[in-house]
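See the structures that follow.
Okay, so chain A shows up in both of these, paired with chain B first and chain C after.
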Partner chain A sequence: MRKFYLLPCWLLSAPLWAATPEFELVIRDHLFFPSTLEVPAGVKVRLMVDNQDETPEEFESYELNREKVIPGNSRTAIFIGPLKPGEYPFFGEFYPKTAQGRVIAK
Partner chain B sequence: MFLNAVILVLQEILEASLLLSLFLLLTALQREPLALGARWRAAWVPLSIVLGVLGSWGFAALTPVVSAWFDYVGQEVVNAAFQIVTIALLLTLGYAWRGAGEASFLARGGGMICLIVIVTLAITREGSEIILYTQGIMGQREVLTSVLSGATVAIGIGVSCGVLLYYILRNLNDRRALRVVALLLAFFSGNMAMQAVLLLNQADWLPYTAELWDSSALLPENTVLGQLLYALIGYEATPSLAQLLAYALACAAFMLTPLFRRAWARGEIQGE
Partner chain C sequence: MRWPLPLSRSVAAVLVTLVSLHSHADGLVVDKVYHPYVDALETEIEWRSVFQDEQRNFVNPAQVHKFSVGHSVGERNFVELYLTGEKNRASGFRTQAWEIEIKHQLTEQGEYAADWGLLVEYENALHSDMREFKLGLLTEREFGAWSGAANLFLINEWGEDIDAEIETALSLQARYRYRREFEPALEFYAGQETLALGPVLQGDLSLGPRKTLHWESGVVFGLDNDSAGTTWRLLFEYEF
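Showing the complex of A and B:
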């Protein structure tokens, strides 16, 4: 019986011990820094995107199934994954020629 | 940049354009349940567009503020809320649907408010992205011409698709047209629910569920056909289990409304 009482506690506290890893991505002069981001495979990851340009940019990735506008001079969070190991390209939809990058899940 | 601009702007325009077409068809085919007076019939479309454009400017201007809400996932949460409100209003419209002459919520103006708010929210969501995009590319003089011509082409395609849908269905007999309209509104509800789930996943407000399939090699989303199907039936190349469930649920909920059931009932269309 005791196990059943513990189950909800375990479910509630699970997100606490499995802290979501966070990675920082900077947009400057319509480029992503770093342009290659290595993340752990199989877990959810929080990307903090810091747009240091004056102009808005849109983080877009068909492979990650994510899109989000980041206003100029502001920060935003995008949760991705859990990802299978592999390469996931992303780009800045407003400046697709220069703003290119990829997430590598290992 | 030209094609990029076409796809980006088309993505935003199509949904609002097709939705407006469906509502125009609905109000043309079924005048009585909405009890539209001549004045409202002429005014609700321009009114929704004006409110939508104002909403777009407001929402675009507020994006930096909204973005920081809820630990930097405010945009997802607010957009998902818009979509959930849209589904709720579509279902209200569908469930309140009555035959001609029956006193109802719709006849007292409720239906009109549903139509106006749904279209205003659609234009606000989509329009604010176009405004942010325009602000984003203003700094690049060398691509401005190709982006502006791309955007113009996209607006042309988007509006044409809406007009085309309207006239194709208007040329069917009324009964068939109403069936298609009801079916597309059910798909639209499903699409809204699916998009809301995707946004809430991105915000980490909903847990991750497995991706069901990947048809991006067969039909990529970033093509004109992909965008058209996305706007029309909610095509998604890599849907997750939760997205598919939300789609099915919202679609089914709309299919149970009197609006849908009357449209698909045997015999004469009621309410005409």
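Showing the complex of A and C:
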């Protein structure tokens, strides 16, 4: 039998269930609140994004390697990190001129 | 087996898998590497092409062109319809098949050690009785600025004009996220009469809010005598 079953093993070679710190990010009037979010470096964190606008928004950040649509009046979890210390910009793809922010990992 | 596996043993496991993968698959092995993500509210128009050298023990088309239109359904599914055409060495270009493909995102990006998705595909030849059903397991994991992706396919072919068989195929990609417009990558493909490795460049060009042109271009080289010596691949995808 071919050893296909071994393929996923390397991808599971890290703990699956570690405590994940959670941070809140609100979208209102096509703006992010807070626009600067401090998170701990070196650990995975969960951003709970609460879109309070009627319209959808897309959280996008090449630096964080994330792209996620949040429908209007809904909450979505976005997992980021573990991050090296530094600054990581993000923006809303539907309203890029106003919806801008940054994550600072310390 | 201890769990989780140490990384060195995990890499060794992948190598064992690759060596044992020289399977009996028909069709196009060098295609593209899928990522297990779906972007909600997105429509895509895609054109991708493969240009390949003649193979020693296998009649492969000189060129394969795929045109597709796709749209996300909900937050976790993406449905894409394809029209495929081929240019053989002895004849000109002709349309070859239609295809429907559904990608399902299984896990949230970054939530677990790796991200997972499924690909289901049905292909029907236009001028002969050949059908294909493909089930793919898609996975991806970040390693800092690097992303590693793997696609494992189980393929069933049947019809009056083809020998019914079950096939396997594997594709791997290691991609360096240098900048959005330009990312170098290394890709590996294994399938019938094909064991190939080569560099690929890709990127996203922003054309405005929610409008992106994604491109991929690469050349992979056969690693044994049965594989096509050189295969070029090209992809353009307009996302809006």
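Here is the rule we go by: the second predicted complex is superposed on the first by the 88 of 106 C-alpha atoms of A that agree within 3 Å, B and C clash if a C-alpha of one lies under 4 Å from a C-alpha of the other, contacts with A are read in each partner's own complex, and residues count from 1 in each chain.
We take it that a contact is a pair of C-beta atoms (placed from the backbone, for glycine too) under 8 Å apart; a residue touches a chain by one contact, two chains touch by 3 or more.
Source: prediction; values computed, not measured.
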item: Contacts of A:75 with chain B and chain C, given as first, second, both or neither; value: first
item: Which superposed partner A:54 touches (first chain B, second chain C, both, neither); value: first
item: Partner chain in contact with A:93 - chain B first, chain C second, else both or neither; value: both
item: Footprint overlap on chain A, comparing chain B with chain C; value: 44, 56, 58, 62, 65-66, 68-69, 71, 77-79, 81, 93-96
item: Interface residues, chain A side, partner chain B - complex; value: 20, 44, 46, 48, 54-58, 62, 65-66, 68-79, 81-82, 93-97
item: Complex contacts: residues of chain C adjacent to chain A; value: 3-7, 9-11, 13-14, 16-17, 20-21, 23, 37, 39-41, 75, 108-114, 137, 139, 141-142, 144, 147, 150, 152, 168, 170, 177, 179-180, 209-210
item: Complex interface listing, chain A residues touching chain C; value: 2-4, 6-16, 44, 56, 58, 62, 65-69, 71, 77-81, 84, 93-96
item: Residue ranges of chain B touching chain A (in the complex, touch as defined); value: 1, 4, 8, 63-64, 67-68, 71-73, 75-76, 129, 132-133, 135-140, 198, 201-204, 208, 216, 220-222, 237-238
